[in-house]
Structures are given as structure tokens and as C-alpha cells.
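Here come two complexes built around subunit A, the first alongside subunit B, the second alongside subunit C.
And now, the complex of A and B:
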């Protein structure tokens, strides 16, 4: 059993047994570089999230029309619009309304959707799982396809696989998601009938999610394959890979065991940065495939000038992006011990 | 100075996407196993089957709740509401008003009172009776509410239950279009008073109870509405369908592919005329007769259209026939009046209407010292194409035209600002005296008018104040002639929405034509059937 010297009251000292994993562990934990990263990121996240919600509020208010107009429609008289404006507190200044929303948020209350007349949290609760499943599914497909394809491309630069992947990448990056979705529906829903063209229910059934996830994944695959291939080739010219090759390791082994690990750092960074784009693409893809996620809901909410719902969705999106970027930072530690040790020393 | 919205630039920007989309749609046409166009269901109607109905996301594909008293989406929700609540009266083929939950109406008291007789022996799907007390309760609730979906009266109506199955509505003036306009307001849908009181308004809006052909199984607002056959429906043997599922769809192209893939059997309100042939190659396409044409609203309170010569220049510079020919292959009949062929009081040729004459347009533009305007419209492919065509024609007459588009909310805000010059609009009603009829665009008391002329107000009110149809016809003809004389705004042509049905599916308003109510016809879902089981 280990012991530790702890200082007690002034003028006294005591020697007491430490609990296994107790004080030392908590000190270790407190000094953990990962925890410091998390702490720092959480602190940074607060102004980021605040800034996002604030800017969203400003932009929504700058759009022509407001929720009163949107809710009452074209038949409303100016008097009715005035009454609805007061009912929805839209007559109050933008600062008062934002402050009230912020206070509500701090109490865990995201407000009530002006269009649905339901709590925003309840709407988000129904819609977020669909979007999250879609995004995760798309990332899994992206990763599973792009990593092997990049390795094969880097194994024989300008070979058949490399050239084919180049063509695929260019095509996938050029095509708009809307068109890509229609083509996928045509092939896999209309002709082969493997998947439905429209989601059959309101949940996130895997069959309903497959085509939308592929639609989201294809442009990412195109980008990641080119990115990873280029990075792998760069790694292959580094001293450590040249040495490994000189020692007689096969190019395949050097690529997959040594170069790939280093290339992952860049890939993880890019995935983290691309997540916002991926989430943005759900707005279009969810519509085309009839998925009841928050992407499609965001568009409706903007059209209805449903500020509380837009704020709720934007806050969720921003939080996801912040969390993923934090996850990206923490992943560096796992992939590259040099970063971990560097943090430990700092 | 170059126009803000450059036609060529837009084409270059969108051409690749448009070509790829067209290719996808064309490929879809080649890839399907379906063959000749269907003529609807074969054989006699029979019971059974499920239909998935796709609703365009930009119009009917969003619904917050389905309580008539809070139905701010109005006629956009009519398919859901008609299925759940039924209707007091239905607008049927050829614009015939047919009884549904009501059996008759009569105007008494010189036209100031309308008495409605209700069908006996009907119950709401919760088992409570459908009668005059229920109608009275609903109408009073509608009028007490703040929803703009309620009917508009110039004075407070007196609603009275005159018997177990009769109810009357009395106004201090004659309201001739009351019955003709009941289809585009919430008076036509009667909710179960017991259910509303028991469930509370919020819960009721999510699982409403009516006396219509279907009952709500589940409702995920703006995502999916599942309805099942109402076993207690008053009309024996109906509805034919066992189940009806409504789902929103993003646009016409995804709807086409979804139908090819079997994810939907009906698509309401296809709005891209260029896709008609593509749909026709696999499905039954029914052009639903429009009740109102596109019109160009001119703000007569602001320059340059506070000058009649500038307004006349717009008339002379507008060649509606050419736009119809170039954009739609002469599909739609050009009109000079505020109603279309399927609406009441249609008048295609109006005496004194100013026709196309480029030379005169150019001369007038010079005479008023040039015309520099912004033309607004709603964000929609058809409206935007029309705007661009008008821009081209008007610029040929020497005007400088900038285009701007907004979503509906933005558009309303622009109207309210009163800082606009010209709007391309479409909205109308089966009877011009109702809802979004002629008053909506031309009466000074409408927030969406460009005209503030007491004479126009008087003519509009006069036409609605008599139940003599011959007199109303004359009044509206006079109004058309006066609008033409004052050059308050030219009319183009009505563009109908299309209803699409899969092979084996048929029904009134779906595979037969029924005049539109605002935008789409009210499909009689209790009569829709499928031979596919």
C-alpha cells in the first residue's frame, strides 16, 4: 500500500495511507492533459455557442417579415398582425427578446415553437435522433470506403485504382447533392428497388437512412480519398517509411501500418472541420428523402420565422460541431503519442 | 444600367444542375417498367386498399395542427381537413355545389339570412351526435378565435340554432357569396365539441375528431399523417379506402421518382408544367381547372404607377400570348379578367382592355420620362420564369426592370411596407366575392391591394350584395371594364396545378377535374378508390 504525506492544520503533519486511486488519482486526473483540453474547450465553447445563437437571432430579425405575418398568412389584416405581434412579444426590442430567450435557455427552457405551439425541446427530441443517425451513418460509410480506397490508390500511384478513384472523386465532388440524390433514387429505389425513395415512417429506420447517408457520404468520400492518398504519399517519402522499406517491409505493410497512422491525424482534422458542411447538407437531403430530421425542420422554421425553433436547432448543430471538434482534439492524443507527451510537458 | 437579376448569368449558374436533373428525370423515364399512361382505375369502385399521398412541401406539406379553429394554413390543409371532418358542402365536378354533412341551404330575409339544413343521423367518430348545436358551437368558436382562417364579415353575424338540424346565419347586409366561399374558410369543417372540450385544444389539434370519412391513427405534424376508414361514416359503403397516408415531399422531381418507386400513389399539386409529359408517361395526370389567372399588381399610390400613362405602358408592353407560347406551348387560355374559366363570372375578353402594342408602350415610356421599377414575386419556378419573361418584354419597351423574389412571409412584409411598385401574383377564389377573390387584390380595405379607388370598392361590394346571379354577372363585367379603363393591372392566364395518380387509382378531383379552391381542388377522398387493393 502506498503512503502519502499530506499537510494538515498549520503546525501539524500527518502520515496517512492513501486510498487506492484516491488523492493521487484525482491529482493525476486534475493534471491530465486531456482534461485540460476539455476544460479549455468547454470554456471556449460558451462564447462560441452564445455568438452563434446571437448572430442567428440578429439574422432572423433582419429577414423581411416576422412570425406574426408568417403564422397569420396572407388573409391577415394589419390589426390582426399587430395583435399577434403583441401576443408573441415581437413588439419588444430584439435585445429584450434575446435576453428572455437566453434566460430561458439557462433554465433548460428553449421556449415554445411559434408554428407548432409545442415546446421546442419536444420537437427537437423527436427530430434530433433521425439527423444524428443519418450523420453518423454517412460518416461510417465515408470512413469504410475512403480509407481502403486511399491506401489502394497510394499503393500504386497512377495505377488503375488510383486513376479510377481520381475520376470518382472528381465526379462526386462536382455533382450537387440534389442531383446525386435523384440519381441514387432512380437506381436503387426505382430500378433495383433495394431501398425506399421516401422514408416509410417518421423514425430512423436503417433502410430509410441508407440512400440519404450514401448521398451525404459520396462527396466526402471523393474528398477524403484524394486528401488521404496525397498525405500517404507524402508519408511514404519520409525517413521512417524509407527506412522501413529499406529493411525489407512490403510497401503495403509500410502504408497500412506506419504511414496510415500518421495520415490519420490530418484526416481526423478534416473530418472535424467538414462536420458543419455535412450537417448543412442534411437540410437538402432530408427533404428529398422525406426524413423527419432537424435539417428539414430548420428550413421550415426559417420560412415560418419560428425564432425559438430556429435557435434551438442552431444551438444543437453548434453544440454538435463544438463537441466533435473537441473529440477530434482528444483523438489526436490517441493516434499520436507525441502530441500527448507534448501536452503533458506543457 | 444592367438589371440586378441577369437572365444569362442565372442560366449559366443553374444550367448544369438543371441539365443533370433533367437527365435524371429522363433516365427515370427510361428505367421504369411502367408502360402506357393509365386512365385511372378500371372497373367499378370497390372497397379496400391503402394510398400514400404526397404533398408538396412548399404548400400543403406542412401542417402544425388540424383543428379548424386554428388552421392558419387554410386551404393548404384541405385534403387533411376534408378527410377528417368531411364538409358541410362540397365543390364538385363542373363547380357544382353538392351537399355532404349539410343537405340544403336557402337564402331568406331578402338574402340577409342563410339557413342551412344538416344531415340527420350523423355522428362524430367519437360517437357524439353531429347536429345544429355542434355547428353553432363550432362557428361561434371560430369567430371568437384570432385565426385569420375564419370567414370575414363586414358586420358581426347572428348565428342561431333554429332546430335540431337547422342553423341560420344573419347579417345586416346581403352576403351572396357565403355558400360559394365556404370551401375556403373553416366554417366548412365541424369538430366534435365533446372531443375539443375533453382533450383540450392542443391535444385535439394533434388528434382531431370529426364526422368525416377517415379517423386519425397518428399525426406527426409536417412529417406523416395516417388516417383509417371511419367505420361510423354516414355514407354506407364509403369511404372506399381502408387507409390514407399523407407525406410531404420536397419538390416535383423527387415526387416523380417516389411515385415510380412505389413510395406514393398520389401526388397533389404538381406545379411544373414542363414535367407534365414526364408524369403522363407513367401516371394519370389531371390538370385541375384554375379559378384565377396570374395578374400584375401595380401600386397606384407610388411612382411611377400613380400615373395612369405608366400603367398603360405596362399593358401595352405585356404580351401574355407570347409568354404562354414560349414558356408553356400555348397551354393556358389568356384572359383579360380576374376570374379564370373554372371560376364564376368568367369573362375572357373585356371591353376596353389594352392589348399588346410595343410601339405605343415605347412612346408612353418616353412620355413619362422613363420607367424604372422592381417587379416582385413569390419564390416559385413558374412565377420566377414569368417574371423573367415580363422583364424581357418590358425592357424591350425601354423600361428598366429589376426582379426580386421572396418567400410568402417576406412577400407579405413587402406589401405591408407599401414600398413596392409591381407584383406578379396569383390568388383567387371560385367566387370572386370571397376570400382571396377580386377584393383581395383591388379593394382599398385589403392589405394586399395596389388600388385605392372608392369606385372599385363600391362595385366590389355591390356585386356581392345581391343573390341575383344575372345582376352579379353584370356587376362583375362592369368592374372588369373599369379595371381595364383605369389600367389597374393586366392579367395573364391561369396556371393550373396537376394532380397525379398511379395506375389503378381514381376519384373526383384526383382523376377528374374540379375547380380549384385557392390553389388546388378539394379531392373527395371518400370517393377515391384503388383497384390495386
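And now, the complex of A and C:
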């Protein structure tokens, strides 16, 4: 384990001078490296989020059609559309509208939905819990199943458990979420009638969420089992695990105590990379199961050209992804301090 | 981390999984060959049937079927998989829809590999401000909900296969960039790279001669696995009504259209789903088999 390696050790910093712009001195001077790193990373996250909101505004502005037309429908007269356009401030230039939106954001005001004529924050407040429950439910299922399965597989590579779990995870990884959703509906909703095919209420009911959560979890389980198993096996040929085995520790203990810890580095990255995909999958899954979550609302808002609402939803998605990436990078530092020396902390 | 001592990756050299390799070496060797050849053969067969078969055999047109032939069951004469609600031959729609899936997947992964791979290596190797700027821009794209941009691209440029490719590439590029950057960071302080640098080998030669060959197996494996994801995503776009424009067939659209008749005629969903599944699992198995052979993660 590398926990004894700290940021100032000469052995590891010998490679530093080869880096252009390495800033070793400032790092040595830092009183609390972890805090500085967190501070700097948070500062970096802000331009990223700003970039996302700006890109969204540009992209939505480039779309044909606008909220006034979407609101009034195909039969509206040009005069009515013009009146609605002025009412919604859509006649102002994109820069003015973006600036107003940005100023509002800094005051904690996400604006008013053009379609619902309600504050965006209150709409988000209704939609976010549904999606959040769905994602957390799916992730809980995923980890409860995949971590033990991966360890059992890695304990006896090419054994019965390993082969079965490899077949399962390969299959689960290769089935499209929409196909899986339809299959689950056909079996559990139409034939067995254990769960409803469509959500009954406004969401939040665990029975409504079970099939969607399983739909999201199954491919994730396949992914994490494969990933974690491969990584665990690689760890098992490393010197430190061979040493631990030579000292007489059981393979089980070495796997779950030593190898698993190091494998988490890779796992943490993969979760970060996967999160955007997972959010994309919730949009489709919410659509199929009729869950009125944030992804479902996003599709509606895009169709309605409801710029403030889309901006609000995009901001929520982007903030989640940025925060998770931030957490990923920070977790790196905690789990494996060696990585800090391999790259600039810019 | 397994330290590669040679500056070129030697294929076939077992680095991970050593104990198992010793115990099962003979069967393992044969299995490994099969693990690669079977999915490769299935993929070649699918490619042959999708791209070549319609040229040499009079397959019915995928569109403009007669309404009199509508709703024929699986195994009907002249229509192996039957016909859909407007009388189009399902087999034919599968073949032509498969062309779309393969074309989109290949194009998106090729763009991602070349552009994203190059960006990641440059960012990882040179570090400093180059790294910061490139990575921040890619962070924006990673943080950006893909669907908004995809729908926007498809909506404003018009629904077409090419625009679907552009839209999906926007998200394969950052993925490749992150992977190649991570690989570069892992390799750049390896003894052989440091040795090359100390021997005053030029940067671009270190990149092209040492870094790229070493990460190529990883990137190629990733692109096969990624192609499977792209095929699924392309179907998802069809599912949401933003994919390939309407008369043309695609697997995702066939599944989406069959959804309404799920309990009455499940074959409308099941047949394209099976083709989708076999294609995706073959890509995954091939990627996985090559990963094992090349000993990359």
C-alpha cells in the first residue's frame, strides 16, 4: 500500500523537474495540500458550469421554432405570436436574455418557465426527487450485487461462479436499456403482474420505481462486475498481494482487504465517466415507464422550447456530473497519493 | 501497476492472471482463440448479410411494401420474419437497418479514436496550460447532458444519418481523450519513456514511437466496446424519435414501433431485439477477447 508516500518525499518528486510548469515549490509551501486542492478544483468547476450554461443557451437559440410558437400551437396568427414573443421577452437579443438569466442565477433565481408559467425552481423541486430516488435505487442494486459477485469471481478465476457471472454480465451489458425495459414489462407487468408497467402516481412509490431501477441497474452490474474482476485479477499478480499471500493470508482476505482497495481507484474513475451515460439512460427509462422525473421533463421542455426550464435542468445535470468528477479526482488523492505527482494540479 | 519493461507491448505475453495461465495454459490458449474468432465470425457474417447480401440476392425493398401483405407472421412464404403493419418485409428492414447501425458505429468510433486519442495524448504528455485548457473544454462536454446537444444538432441540422454521427461523436471524443490521457499519464513516467527523454529523443517521437503503440491496444479494445454502446445509443435516438429519418429502417425504430403491439405481436419487438443483441454482444466479446489477448485493461 502506498499510504506512507506523502507529497514532499524526495523519491517521488525526482521526476518533477521534467514537467513543464510543475509548480513544485508552491505545493511544498502549501500548509494544507488537501484544502488547497479542493479550493482550486472548485474554482475550476465554475468555468466548466458556466460553459455548459452558455453552450445550452446558444444551442437552444439555434433550434428552429421558439416557445411562443410552441405555446400557441399551429393555428396562431402572426400578430398573436408577436404579442406572445414580447410577453416572454423573446424579442430581446440572445445576449441580453443570457445576461438576465445569469444575473438571476447569481441571485438564486432560475427564472420562470415559459410553458408552465411557474418558477423553474419549484418545477425542479417536483421532478428531481423522482429521478434521484430512481438513480440511488439503481446504484444500490448495482453495488449490492456487483461487488460481491466480482470478488467471488476473482477468487476462483475460470471457476463456476466466475464463468456464470461473466456470461451474465456480458449478456446484461449487451442488452439495450429499451429492450430490457420492454422485456421486463412483458414478463413482470403483463404476464406476472407483479409491478405496474406505467407509474401510477407522480412518482416516489417504490413499486413504480422497481422495474425502472432494475432496467438501469442490470447493464451497470454487468459493467462493474467485469471491470472490478479484471482489476482485482491484475492486483492479484502484483508484488504486494503476492507478499500477502506468501505470508499466509487467505486469497479471500487478500482480495477483499488488499486488492479491493486498490481496485477502487479504477472503479471510482469509471463511475465518474459512466454518470453522464446513466443520466442519459434515465431519460429513456423515465420516458418508457412514464415516470415524471427530470429527464422526462427535459424532453418536454426541449419540445416546448422552454429555454429557462431546459437551462435549469441542464444546470442540475451538469452540476451533478461536475461534482462527481471533482469527487473522483479528490478521491484519487485520498486513495492513491502517488497519482498527485504524475500530473499538474491545474 | 504492471510495469512494461520493453518499449513495445509484446502481444501474447501473459502479464495478468499468471496463476491461471499456468494451470490451464493449453485449454486457455484454445479458448482464447475461440473467444476472438467466434464473435469475429458472427460480426463478419452480419456485415456480409447487411451489406453484400442485398446486392446479390433479390431481397424485397425495406420500404413501400403492399398493405395487402401487412401483419404476416414469422415464417410466412417469401417473408422469413413476416411483415410489419404496413406490409414491409421485416427481414429486409433488419438488413438495411443493420447497415445504418454499423455505419454509425464505425464512423463515430473512428472520429473518437483519432480526434479524442490525439487530444488526450497531447494533454497528458505536455501537461501544464495545454492540459488544463483541453481538459476543461472536454469537461464541459462530459458535464453536458448529451441528449440536449444531440436533439439540438438533429433538430437544427435536420434528421439524417450523418447528423446522428456528428451528434454521437461529440461524446465519443471526450471519452477517448480521457482514456488516452490517463494512459499517457501512466506511461510518461515509466522508465523507458524517461530513458528516451533523457536520451533527448524528440517529444513527437516519444509520443508516436513509445506512447501511442503502448496505448493502442487499450484504445482499440475501447473502440470495439464503445461501438457496441454507440449502436445501442443510435437505437435510443430512434426510440425517442430523433434518429434516422422516417421511411428508412433502423433496428431501434423497429423496436420502438413494435412497442405498441408488444402483447399482441411480440415478434415485432423480439426479432430486431435479437439482432441488436447479437451484434452488440459480438462486439463486446471481440473487444473483451482482444483485451485478454493484448493484456490491457
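By our rule, the second predicted complex is superposed on the first by the 292 of 346 C-alpha atoms of A that agree within 3 Å, B and C clash if a C-alpha of one lies under 4 Å from a C-alpha of the other, contacts with A are read in each partner's own complex, and residues count from 1 in each chain.
Just so we're on the same page, a residue touches a chain if its C-beta (ideal position, glycine included) is under 8 Å from a C-beta of that chain, and two chains touch if they have at least 3 such contacts.
Quick caveat: nothing in here was measured; it's all calculated off a predicted structure.
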Based on the superposed arrangement around subunit A, label subunit B with subunit C as either clash or fit.
-> clash
Of subunit B and subunit C, which one touches more of subunit A's residues?
-> C
Given the touch rule stated above, what does A:116 touch, subunit B (first), subunit C (second), both, or neither?
-> first
With the two structures laid over each other on chain A, which partner does A:176 touch: subunit B (first), subunit C (second), both, or neither?
-> both
Looking at the overlay, what does A:292 touch: subunit B (first), subunit C (second), both, or neither?
-> first
When the two structures are overlaid on chain A, which partner does A:325 contact: first (subunit B), second (subunit C), both, or neither?
-> second
With the two structures laid over each other on chain A, which partner does A:69 touch: subunit B (first), subunit C (second), both, or neither?
-> first
Kindly classify A:283 by the partners it touches after superposition: subunit B alone (first), subunit C alone (second), both, or neither?
-> second
First, second, both or neither for A:56, with subunit B first and subunit C second = second
For A:234, is the partner it touches subunit B (first), subunit C (second), both, or none of the two (neither)?
-> second
Touching partner for A:126 - first (subunit B), second (subunit C), both, neither = first
Interface residues of subunit A shared between complexes with subunit B and subunit C | 63-64, 175-176, 178-179, 182-183, 185-186, 190, 287
Show which residues of subunit C lie in contact with subunit A when the two form their complex.
-> 1-2, 15-20, 24, 28, 124, 126-129, 131-132, 136-137, 139-140, 142-149, 151-152, 155-156, 171, 175, 178, 182, 185-186, 188-189, 194, 197, 228-229, 232-233, 235-236, 239-240, 252, 255-256, 259, 262-263, 266, 269, 273, 276-277, 280-281, 284-285, 288, 291, 297
Mind listing the subunit A positions that touch subunit C in their complex?
-> 15, 18-22, 44, 47-49, 51-52, 55-56, 59-60, 62-64, 157-158, 170-171, 173-179, 182-183, 185-186, 190, 226, 230-231, 233-234, 236-238, 266, 269, 273, 276-277, 279-280, 283-284, 287, 295, 298-299, 302, 310, 313-314, 317-318, 321-322, 325, 342-344, 346
Residues on subunit A engaged by subunit B in the complex (per definition of touch) = 63-66, 69-78, 80-81, 83-84, 87, 115-118, 126, 175-176, 178-179, 181-183, 185-187, 189-191, 193, 196-198, 200-202, 287-290, 292, 296-297, 300, 303-305
For the subunit B and subunit A complex, residues of the former touching the latter = 17, 20-21, 24-25, 27-28, 31-32, 54, 57, 62, 64-65, 70, 72-74, 146-149, 152, 202, 205, 220-224, 247-250, 253-254, 257-258, 260-264, 406-414, 416, 427, 435-436, 440, 447-448
